[in-house]
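You will see chain A twice below: alongside chain B first, and alongside chain C after that.
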Partner chain A sequence: MSGWMHHLLVLPVVLPLASGALLLMYNERRPFLKGVINLISTLATLYVAVMLLRLADTSSTGVYLLGNWPAPFGIVLVLDRLSALMLVLTGVLAAASLTFAFARWHTAGAHFHSLFQFLLMGVNGVYLTGDMFNLFVFFEVMLAASYGLVLHGSGPQRIRAGLHYIAVNLTASFLFLIGVSLIYSVTGTLNMADLAVRLPAVTESDRGLVEAGAALLGVAFLVKAGMWPLSFWLLGAYPAAAAPVAAIFAILSKVGIYVLLRLSPLLFGAQAGASAGFGSQVLLIGGLATIAYGMIGVLASQAMARLASYSILVSSGTLLAAIGLSDANLTGSALFYLVSSTLTIAAFFLLIELIERGQSPAADLLAVTAEAFGDEDEDEPEDEVGVALPGTLAILGVCFAGCGMLLAGLPPLSGFIAKFAMLAAVFAPPATGTEGGIALAGWIFTGLLILSGLAALLAMLRVGIRVFWAPVDATVPRVLVVELVPIIFLLLLTLALTVRGGPVMRYMEDTASAVHAPERYIDSVLTAPPVPAPAAQVHR
Partner chain B sequence: MEAILAIGIGILSGSGVWLLLRPRTYQVIMGLSLISYAVNLFIFSTGRLRSDAPPVLTSQPGSLADYADPLPQALVLTAIVISFATTALFLVMLLASRGLTGSDHVDGQERR
Partner chain C sequence: MSLDLILRIGTKLILPFILLFALYVQFHGDYGPGGGFQAGVITSGVVVLLTITFGLEAAQRMAPQAVVQRMIPLGVLIYAGTGVAGLLLGKNFLDYSVLGHDAVHAHELGIFLVEAGVLVTVAGTMTAIFYAFVERGR
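Here is the complex of A and B:
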């Protein structure tokens, strides 16, 4: 990696920042122009992410020294397989939900496109940064944009849900700050790699402080990820958000998961001395409780948007428990599950809006939205949005069935492979000979994973019968092609994950083994050479 | 000095948490502001409390022990800016909620 390619690493942050700022220059009367700029930027970011993925898979860990300061002193951006994977996943979701928003949502409120780009900037920054405080800054960029987006479309319901969302996340940010400063006060560093080197050397009297700091940090991330006692805000905010916003928010809960997956093996892995394994029990038990809670919620929810939100909790819980079991094979399968379930839930959120369009509650919601934002034309919004395509209901039904199979983990699609791989990893013969407690946790994990699949299947079947087979008022929802394309695209991607399961799984396993053996990561960051100064210019 | 600062942080965050759990939006925003002050003071204190120690290197030679740690001061500046911005955003939310629901309860309606 040298020359121009070296700077590719900073593009996923700089590109959305620049285009988000550019979009502020145009006012809301030019939605088409704004949309085109946004789409170009999103697709370019996705393209860069794919290039970075190839780079991360072939060459060593990429390190970008911001301001050319050597590693423990300046802020670094680090690219490895895990961050590249998350970048690509975010890019895919962003492209899909943006395309969906073009049908009508992008004109339902001010500054949708700028906020969308700033959200991408924050999320990409979280994946790339190698510095704790910089992580906080990118988290705040992401959250600030999401505060705006959750309110997109306005209306009392969104305002109420948004109020809770913002209050909870602001409080979590304060915990984040306290955690970071506690860790800094003991170790004297904020660089993640340097922190991993210094943690084993912390004296016994200070260890409690560091662990308290790490625990507070953990709470902040778990709020974001939606672990059980900390997840009640999610069930208000996600169903209230506009469909494309909810779809892109499917990645936000995975951001918390990503940070936990990055930090817990790095800081508290086997090499961490006395603190090794700190917090993994909490992740495991909390994750299992989250699966159980989400599962009951899936069975109990009436509205489809709530069903999808509870599915996010099930997915988060599964991933948290998998991280808590801290086994490299299981982590690899869990990463596969992460990609598969995120794509599924995003597609499901988009699909829900189309299905509910023919039904009265959603129509009420949209009417309220238009009223609150002061829509100029008083026509029925239903009329201008699309025509009744032939076979719309059939396409929607097939997509719905696909989502159901993915959530339940039934064979042809990738949900099955993901769950099967996780179960196979749990039951793999133990390499290190750790029996007893681990085996019990594995059994509970297995049971909950299968039961949650069954619960998802039951809930989806019930909803499917109610909506597609026995509708009380059989109105065919009017749907635009541009709204169907992103859903089909996301579902086809999960099909591609199945077909190309071997290579994808190989990548995930490489990622997981790199995450669980962070020596290479630490080494690459701390030895990254600054760019040599250009040859002295002769002033004439 | 340590005791006074610790008590101050404790009182600020304690009152902040109490206000945060109150049902009125205005109380919530006051609580968030108090917590943010407590957090800012806390970050500042992680550089150790010292007087007569500049954080910026001067031309006079001396050992590193003559200087205060500049990093927490830089961090606290960032934290102040961010919490200020998010508090302002929350204030807008509060007004919007008041306007749309006609109530200043955090749930948009009084508990019956």
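Here is the complex of A and C:
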């Protein structure tokens, strides 16, 4: 591996940082230029992410020492299969929602492009960092950018939901900080690998303090992931956000999931001594409750955006319960489900805006938006966006049916493979996890997974009949090609996941086994040598 | 306000010293308490004092909106640029040791540049927030 490949690891953070700052240099009178810079940076980040994915798949863990300080003292960036997978997923969603935003949303408020890039920087940083405090910093960068984005487009509904979102997430960040400082006060380190080494040696009197700190951290991540009692903010914020923002926000709840998936096997895995398995019961029960809650919500929602938000909860709940069951095979399938459901929900959020464009409530909202932000032309928003393409309704209908099949988990698309693989993993447990409680939890998980699919199918059928088969007013929504392309792109990706199911599943299983056996991760981080020459630091 | 001679003359006398103190805090930050963030806040204090004494127009003649708003990304770019300079010269991101002829000087220069970036961004951000609040009431 050449020296240059090694520097790729820092680019997913530095590229969005530099381009976000560059975009702030230009004011809002240069939308085209800003759009081009944003698009180039987003695509370059995606390209880097794909290269990192290949790198992570061939050699195992890549460690980058920022400022060349050795590991427990300096800040490290760590690349493994899990972080590379999340980087690629984020890049794909970013490219799709940015393309969608070019139709109209990117000029609907100030500094959209900068905020978008800073959001990417924060999210990518969360995936790559190997240090707790740095995790907090990247979390804050991500949240600060998302506060701006959730208000993007303005309007009273967005302000109300957005302020709610901001208040809840600021509180969660506060808990995060308290948790980090509690852990530091006991262990004296915040490097994740070093923490995993030191945790088993914590004395009995201090153990309560560490676990309290970890629990506070967990609450912060669960708020982000949307576990049931903590998810009330999500249902207001996501439907109110502009469509491309909601689509990129589909990854934000998965960021919370990612951190839990990274930290709980690393810090509280089998090797953690007295704290082993800490919190997995909470994740399991909370996850199951979240699936049930999301399922009822899916059945009860009238508006499509709320349906999509409840689907996020179902997806989060499924993943949390899968993490709580802490079984490497199940985690592999759950990762497949994570990718599939995130792509689906993002596509669905984009699709909803197009479908609802012809209907009156959304049109009202858009009109209010245009008025509040002071668009120069006072035309009806539908008239300025797009033309009535031939067969628009057919394309939208097919996309909608695809989303429905993916959410419900019906055979041809990847939703089916994901759910089937998870069920297979639950029913074929390894010899270690055969306690009575786990088996019962497995049955409940299975039941809820199937029922939630049925609920999604019913809800999508109902909405589909109302919108496509028996519409009250048969106005064809006016749609631009640039708005259809990202939706079709995302849905085709799920199709590709199905067609290339074997290799993808193999990658996911490798990822899961690496996550559940963190010794190699710890070893790579702590032995990464600070090098005088620009040589490769990727270890076997 | 315009009749308050003592306040106006006093402000004019004290302004350069506030800036000087900001720079002291800035350069002291290498090895002691202080640094770019504190210096940036003190620098933006100059603008606040000017606005209170001479009014918003006078302050914005000295620190125009356009400049203030470009200071925010400029500082970030200085910071990122310092990191990338290390990267381009064959070391890790944010490794300063290639910036000078020996490691000690190089690290001092690296920290100086990074802190300068912080100063510019913080001063710009604080001033922009202050302008936003002052202009709300107009």
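Methods note: the second predicted complex is superposed on the first by the 527 of 540 C-alpha atoms of A that agree within 3 Å, B and C clash if a C-alpha of one lies under 4 Å from a C-alpha of the other, contacts with A are read in each partner's own complex, and residues count from 1 in each chain.
To be clear about the criterion, a residue touches a chain if its C-beta (ideal position, glycine included) is under 8 Å from a C-beta of that chain, and two chains touch if they have at least 3 such contacts.
Values in this document were obtained by computation on a predicted structure and should not be read as measured data.
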Chain C versus chain B on the shared chain A, clash or fit after superposition: fit
Chain B versus chain C as contact partner of A:H7, first or second or both or neither: second
Which superposed partner A:Y147 touches (first chain B, second chain C, both, neither): first
Touched partner set for A:F468, first chain B, second chain C, both or neither: neither
Which superposed partner A:L170 touches (first chain B, second chain C, both, neither): first
Partner chain(s) touched by A:S181 [first = chain B, second = chain C, both, neither]: first
Chain B versus chain C as contact partner of A:G162, first or second or both or neither: first
For chain A as apex, the angle formed with chain B and chain C - C-alpha centres, to the nearest 10 degrees: 40
Chain B or chain C, by number of chain A residues touched: B
First (chain B), second (chain C), both or neither touched by A:A18: second
Which of chain B and chain C A:N68 touches, first, second, both or neither: second
After superposition on chain A, the shortest CA separation from chain B to chain C (Å): 8
Residues of chain A that lie at the interface with chain B and also at the interface with chain C: none
Chain B to chain A touching residues, read off their complex: 20, 25, 28, 32, 35-36, 39, 42-43, 46-47, 71-72, 75, 78-79, 82-83, 85-87, 89-90, 93-94, 96-97, 100-101, 106-108
Interface residues, chain A side, partner chain C - complex: 3, 7, 10, 14, 17-18, 20-25, 27, 64-68, 533-534
Touching residues on chain C, where the partner in the complex is chain A: 69-70, 72-74, 76-77, 80, 83-84, 86-87, 90-97
Of all residues in chain A, those that touch chain B in their complex: 133, 137, 140, 143-144, 147, 151, 154-156, 159-160, 162-164, 166-167, 170-171, 173-174, 177-178, 180-182, 184-185, 190, 372
